[in-house]
Each structure stands twice: as structure tokens, then as C-alpha cells.
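Heads up, the next two complexes both have chain A, just with different partners, chain B and then chain C.
Moving on to the complex of A and B:
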């Protein structure tokens, strides 16, 4: 029984859909979250499910190179980046530093609307027989991208903006594995390397902003005009 | 082989500066390294002219005339700026502009950051111009942003933090759109045989089979790429990081950002334009490019006219020129593409020269506002004043300077191709910029007030200024035949021949 499920493509599709739904729920939870440490952990959990999706797709499509992408995602986004940011938070002694511009209920509502948009856009890509797995995953990927955008605009604090940017990038990873079963490995490597370096560079910038302006509120940086 | 050597030299330069303890060692490493990069780039151009294309590692690296031109321009700017930066940073060190009461070790650390990140920045610009795989090209473009963030934040002031933050975040969002576009372009070619292999995202492969790519996906991919790499090139309305970054970074970095980096961003856009043009017909990408090109030109006009800060003025001029080049790409055809490639070459020389002149002025007067200088730069700094004025006239397209020729070609392409409205707007916006630049920079250089002449003893800075100025004057009347061959070869690549 179990053996049969392991090779049943439709069962694989259901697992991917389930995991994608979890990823989407976490994205909306991130929109609603006001506590920065929780924000970081939600991001780690989201990345974990993402690498699970990659592993599932790798298994059911017999595409071993996606395993490598899955493991790398696990190392970079689930372990390294969250550790880096949590250390930063400890060093800067901040806890509750999100303060969205639009209030939480309305933000969640807008995120719901953006999810609908994601589904409509994904529909135009659907070609029967093109990619068996991950039709729903593409819709989720586009939603993640759009919600990530919205969250970036909706945050005043530097670190929260960086986390939104990274979750937006999670959407792109999901889009790549659901559309084409992953980009060529060298590209995935390049992208993940950039994500890691970007997280470090932005982390340092956040720290310096905090030290200089004595706040992470980037809306206070408004000297350059015209 | 040459392609690898180019990358190795830039990487070795970065490493040498990183481990150096003394300032002179870092300066020498940068100077020698960039001279080497320039020499190899010239060899590469010779090879490309002889063989058409150069590729390496099973097509992982690939250079045609377009890549070779971009690499040559990057190498030239890097060499001139590395010479300039020696004098520039020594002056900063003397005047304490690096930061208040820094210890010697801190100052060296600051310099090490500059001399390490600059070759790294150049390394990634070289990498992206020769990467055949579009995904790898994306990763290299993103890496150029990451390498230059701390150059923008070099002085560590509140304003430079703000500029670096904007640069990082706007650039990050823009490039994520470009990554999405790249993924969708990969999907568009996914039905081709062998697309799972690493070469599936190779530009040379996709360009060969462009007609078979999925059209709906390609449309979306091109819009995303235009928004993404357009952000990096500073097209309106994604241009807002540009005046901030250009006014805060150290001058040599700004000169590289405003010329070489701009070329590289346009290079990425051009690669996708060729794919989209072959897949969908040129009509679709052309309309989008004309829209963004003219918008960028138009948006920069009021900001140039009402500008109070000369570095921001030059940044808006840079936005205008990236608009001009994108418009030329949109017009296409033999005239438009030749105009584009000539303009890219001329603009690289003129804009980097302008920023270097601005650096001399800023270090003498310790301000970047027109209002505090009041005028008379010509009397105080005769050499800088003359070159500044000349470069300014060149950049607004005054004859006999070469940008007049390229802009004239682009205008002819507009009217010949029946894009009358584009042509008219082009002239209108060009006139606005002309007026703004002339009033502000002309007033600053020629204006009435002027102290007594200071002795201009800036051998490193003025040497590089004069080298660029000589290039600008010579190229107005005579282009070396191989260079012209390279430029027209690049124009042919853009036309897809």
C-alpha cells in the first residue's frame, strides 16, 4: 500500500498541494505577525516546507538534481539565514518592531485578494499535460510574490522589509520548481549564494541604520530629496 | 582562455587588496590589476573581431561583439577610475573626509574595503557580460549590486546609509522581478529538446530556437525583465535610487556605476530583447521600450531644471541617457541599433569624465551644492573647469562632440521609421536637459565670483581626467577602424543577424 503511494503521481500532486497550502498560510501569518522573532521563525518554517516540496517533486519526477536544490535551501534558508537574523535581533535588543502601515485585519484581507490574483494569473500558464505536478503550486508561488511585495511596502522597519524580500524570493523558488522542475543546478547555486550574501549585507546595513538613527524605522531616512 | 584570464585577474586584484596591510600595496594592486584587465580586454576584442565569437567551457562562457564591447568599456572605465581613486582617496585621507577621528587602522580598513570591493564589482560585471546562461547572468547582476552596496555606504554618513538602503531594497525588488522573468523565459523554452541540461537556459541556444518558444510566456517574461533590469539601469519610474546613490558614493565608484554598470544593465535587457524580438516580432518589445525610454527622458527634465546639487544633476542626466539608449533600442533597425551602440560608447567616456570633474570640484570646495559654490570654478581650477565644461557640452549633445552624432542617428531612425511623435518628444526633452545643464553647470564654472587661482597639483586625478578628455576629443573626429568594426558588429548582434 505504502509502496504504491510512493510511486503514484497523483498522490505526489496532493502532497505538493498540501505543502504549498501550508506555505501560503505561513505567508499570510507573516503579514499578521507583529513580533520580529516569530517573523523570522515563520520564514524558517516556510522555507522548510518549500524544501520539502522540492524533495517531493524530485522524488516523483525522478529528477535527482532537485534534491541538491532542496538540501541547499534547507541549509541556507532554514538554518543559516534565520540564525543570522536571530543573532542580529539579540544584538540590537529589539522584540516588537514591526508596526505595519495598514492595520493587521486589512492587511490579511488584502493578502487574500492578492492570492485570488495569483490564481487567475497562474490559470493562463496552465497547459494540460505540460507539467503534471504542481499546478496549484504555481498559483501559490505567484501569490507569495505579490504578498511579499505588499508586505515590503507595508513595513516601516528595516529588518521586516528584508524578511519580506526573502519571502518574495521563496515565491520565485516555488515558481521555478513548479513550472520547470527547477532551474539548472548552477543557476540555483548562484541564486542561493546571492540570497545568503544579500541576507548578510542587508543584516549589516540594518545594524548600521539602527546604530546611526537609533531606530530601524526606515521612514525616518528621508534626507535625500529632489 | 582570455575570458577566464579576465576573471582571474580581477579576482586576484581583489584578493591582493584584501590581504594587503599598506595603502600603497592596495593602490599598486588595483592599478596593475586593472591595467592587466584592460590589456586582456583589448586582446579579447581582437579575437572576437577575428573569429566572430569566442566561447569556452562547452559554451558556458560566450562572447560576441556585444559582450566584447561591454567588456572593453568596463575595463577602460575601471582603469581610469583606479588611477583617479589613488589621488582621490589620499585627498580624503588628508582632509578627514573618511570619517571623524578615525585611527590609522580604521582608515586602512576603510581603504581596504574600497580597494577590495571595486575589483570584485568589476569581476561580476565581466562575469555577467560573458555568461551564456541567462540564470547565471542574473546571479552576476545581483552580485554587482551586493558588491557595490558598501561602496555607496563608503562614507558612513546618515545620508549614505539612506542611499545604500534604497539602492539595496529597490535593486533587490527589481532584480527579483528579473529573476521571475528569467524563470518564465526558461519555461518558455521548456518544450525544446534538451532543456533540462544546463545549456537549456543558454542564450545562444534559446536565440537559435527563439521562434519555437512559448509566446504567452515570453510576453510576460519580457515585461518582467524590462522592469527588473530597467530598475538596475535606472529607468523611470524605478529610478529613485539613482540620484541618491550617485550623490553619496565616492566619486570613482559613482563614475563606474554611471557608465559601466549602466551598460551592463542594458546588456542584460538587450539579450532578452533579441530573444523576444525573434519570438514575438520586434513590434511588442519595441513599444514597451519606447514607452519606458521616453518616460525616463521626460521625468528627468524637471529635476535637471530645478536641481540644486550637481552630483544629483549628473545622476538625472544619467537617467535621461539610459532613456535615450532604451529608446534607440526600441526604434531598432540599422540606424537605431548603430546609434545605440555608438551612444553607449560615447556616453561611457563622457559621463565618467563628468563625474571625475565633479569629484575635483567637490574635493576643492567641500560641497556638492551649486548655491555654495556660486561660480567661478574656471578661475580657481582652470584645468578642471575647462574639461568639465567640455564634457558637459559633449553630454548634452553639442556638435562637434560625438554624442551629437549618435543622437542624430537615433533621431533619424525615429523619423525614418515613422515614429514622428517619438522624434518630437526626443527633441523636446533633449532641449529641456540641454537648458538645465547649461544654466546650472555653465553658471557654476563660468559664473562671476571666483577666488584666486589655486595651484592644481593633482597628478593622479588630473592625469586620468586628461586621458579621458583626450579620448573624448579624438573620438569626436576619428574612431579607430577596429573599434568601429566592433561597434557595428555589436549593432548587428542587437538586430539579431
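Moving on to the complex of A and C:
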């Protein structure tokens, strides 16, 4: 029974769909979360489920190079980046509350609307005859992408914007593995390295912004300083 | 006919007897996690027994609503409980549209409780009623959307039909629509039963209390009825959640040995859900009242996503 399930493509599709739904729920939870440390942890959990999706797709499509992408996601996005950011939060003694521009209930409703847009867009990519996993995963990926954009616009503080950017990148990763069963490994490696470097550079940048203008509120950057 | 009566009697007994136990267990486990000793698991039974033996004080300003509310609340909650499949997929009662009737029977009880809070004319009662209605106005749409999603999956709003479909399709829980509906219903469960991110049942602090503020004027047997109804409501919502989404061990029909097996599974699942609730209560701080709409907006969004995604796939 178990052996049969391990090779049943349809069961694999169900697992991917389930994990993708969890990723989407976590993205909406991120929009609703008002506390930066919890925000970072939700991002870590989301990345964990993402690497599980990658591993599942790798197993059911016999594509061993996706395992490497899954492990790298696990190491970089679940362990390194959250630790980096949490240390940044502690070191800078920043205000722990995120103040979104649009209030939370409305932003959650907008995210729900964006998810629907994501599903409608993904529907046009779908052909009933086409074999393979992850038709839902594509819809979730597009929704992650849109909600990530919206969250970036919706945040004032640089660190929260960086987190939104990273969750947007999660959407890209999900789209890549669900559509093409993984980009070539070298691209995958490049993207992950980029994410790590971006996180570090942005971390330093956030620190510098704060040093110079004594706030992380990016809207203050518009003012000139002599 | 006799069998139907026995089944109904058994479910009624389970509902009345199990509800205080679940409340007591949650309190005990919470105390343990906070390294307090806490009252025993059977303390809610002792409380009910004590309250039923006491005489009561009725405020001079109270009208008939005040005396009618405990009865209406208690019987509407028990009636809603009789329409939920607990041990087997066959609920003893299946009146007026099943799931809708369950939700609105619970709504009827809450409506009268809010009225009785206003009825005595004290400021605390009014405050509690206004807060309760604020929360329920936001929680009810989310609950409805989640239930509709489940009902569409089963092709019927009858609770028995929903439970039968759940038994037949074990893997249905893995559909994203069901996941969203489950998450929405879990958030509504927290809000409706007054657990910590929303309401703290253990406090009588005027700034935070919601449910306690409404029933502040009740004493003696009436208070016992109200408290008992509150724990039955909690049991009903918990059973609704576990039997719609985790049908494991739910029996298709009553039979001697099967019923015992079903009760065992029900207890195990309730135990698991109670542990989850306690974990949530101890790891979270209570939300400010004005932050509660944020939580319920998440529930509402999940509920509407659930309903829409049943049509998309």
C-alpha cells in the first residue's frame, strides 16, 4: 500500500497541492503578522514547506538535481537567513511592531483578492491533457508573487520590505520547480547565492540607513541631508 | 424506534456529561503548562453541582428576558449538539437544513445571552454584549463560508451526509479547499469558545472580559445553566471540527462494539484538539480588542478562499 503510494503520481500531486496550500496560508499569515520576529519565523516555516515541495517533486519526477535545490533552500532560507535577520533585530534594538500603511484586515482581504487573481492567471496556463505535477502549485506561486509585491508596498520599514522581497522570491522558486521541474542547477545555485548575498547586503544597508537617518522608515530617505 | 431512542439518549448523555470534562481537562492542562497545580479535571462538575444547590439573586431591573435566557441558551445549544454526528455518522436529529440550523441555533443562544447582558442595565453587561456581538458579527461569516465549503464537497448541508462523505473520502482533507476551511473553522472555534488570543475565560478584569461580562448578573442555578451551555457549545464546535475534517474512527452506523470504538476515537481526537488549544493559549498573549478583527479577517479570507477554490479545481 505504502509502496504503491510512493510511486503514484496522483498522490504526489496531492501532497504538492497540500504543501502549496500551507505555503499560501503562511503567506497570508505573514501579511497579518504585526511582529517582526514572528514575521521572520513564519518566513522560515514557509521556506521549509517550499523545500518539502521541491523534494516531493524531485521524488515523483525522478529528477535528482532538484534535491540539491531543496537542500540548499533548507540551508539558506530556513536556517541562515532567519538567523541573520534575528540577530539583526537583536543588534539594532529596533521597534518590534510593523506598521503597515493599509490596516491589517483590509490588507488580508486584498491578499485574498490577489490570490484569486493568481488562480485565474494560472488557469490560462493549464491544459487538461498535460501530464505532470503542480497545476495548483503554479497558482500558489503567482499568488505568492503578487502578495509579496503588495506586502513590499505596504511596509514602511526596510527590514519588513526585505522579508516581503524574500517571500516574493519564494514564489519565483515555486513557479520554477512546478513548471519546469527545476531550472538548470547552475541557475538554481546562482539564485540561492544571490538570495544569501542580497540578505546580507540588505542587512548591512538597513543598518547603514538606520545609522544615517536614525530610523528604518524608508519614506524618510526622501529628505535631503547636508 | 427503540433503537433510535437509545441512540439519541446516548448522544444526549455524552453531550451533557462530556462537556464539563473537556472544559476541566483544558483548564487542568493549562495549569500544568504554567507550572501551577490547578483544580482537578472534575472541578467543573463540582462547580455545577454547587451552583444548582444554591439560591439565586435576580436584579430588580431584570425583565422576562433575564429569566428566559438560561433556558433558551441551554436548550438551543443541546439541540444543536443533537444535530451533530458525534460517535456515528448518523446524527439523532436532522432538522431544517442541518448545518445551517446548527449555526443558527448557536446564534439564537448568543443573541439571547447578549440581550440578557443588556437587560439588567448595568454597564458591564452592556459592554460584554457589545463586544460579543462585534466578535460574532465577524466570526459568523467565516464560519458560514467554511461550512458551505464542506457542504459543497459533500453535496448536501445535512450534517449526517457531510460526515458520510468524509468517511468515504479519507483523502479529501488534502484538498486545498478543505485545508482553508479547516483553518478558518479553527480560528472561529478559538473566537467563539472564548480562548486566549480573543477572550480569557479565567479573568474578571473589566478591560478584557467578554463572555464573563455578559453573565455577571447571573447566580445559582441560572449561572450553572449558562456555564454548562458554554461548555456544551465548546464541545459542539470541537466535534463539528474534528468530525468534518478528521473522520477517522467515525462509525457509519450504531452497533454495540462499533459505538465503543467510535467513542474511543472521539475521546482521542478531542484530547488531541484540546492539547492544541492549550498549547495555543499558553504560547500566545491575549490580543487587544481592536486587534481581534485582524484575526477574524484572516479567518474570513481563508473561508472565502476555501469556497472559491472548490469551484476552481
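Methods note: the second predicted complex is superposed on the first by the 217 of 226 C-alpha atoms of A that agree within 3 Å, B and C clash if a C-alpha of one lies under 4 Å from a C-alpha of the other, contacts with A are read in each partner's own complex, and residues count from 1 in each chain.
Basically, contacts are C-beta pairs under 8 Å (C-beta built on N, C-alpha and C of every residue); 3 or more make two chains touch, one makes a residue touch a chain.
Since we're looking at a predicted model, the values are computed, not measured.
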| item | value |
| --- | --- |
| First (chain B), second (chain C), both or neither touched by A:194 | first |
| Partner chain in contact with A:59 - chain B first, chain C second, else both or neither | neither |
| Partner chain(s) touched by A:29 [first = chain B, second = chain C, both, neither] | second |
| Contacts of A:136 with chain B and chain C, given as first, second, both or neither | second |
| Partner chain in contact with A:205 - chain B first, chain C second, else both or neither | first |
| Chain B versus chain C as contact partner of A:67, first or second or both or neither | neither |
| Residue contacts with chain A in the superposition, chain B compared against chain C | B |
| List of chain C residues in touch with chain A within their complex | 171, 174-176, 179-180, 183, 291, 293-298, 300-302, 304-305, 308-309, 312-313 |
| Contacting residues of chain A [partner chain C, same complex] | 14-15, 17-18, 20-22, 24-25, 28-29, 32, 34, 104-106, 108-109, 111-112, 115-116, 119, 123, 136, 139 |
| In the complex with chain A, residue positions of chain B that touch it | 133, 135-136, 138-140, 142-143, 146, 149-150, 153, 156, 158-159, 161-166, 168-169, 172-173, 176, 179-180, 183-184, 186-187, 190-191, 195-198, 200-201, 216-217, 243-244, 247-248, 303, 306-309, 312 |
| Touch list for chain A against partner chain B, complex | 63, 124-125, 130, 145, 149, 152, 158, 161, 165, 168-169, 172, 175-176, 179-181, 183-187, 190-191, 193-194, 197-198, 201-202, 205, 208-209, 212-213, 218, 221-224, 226 |
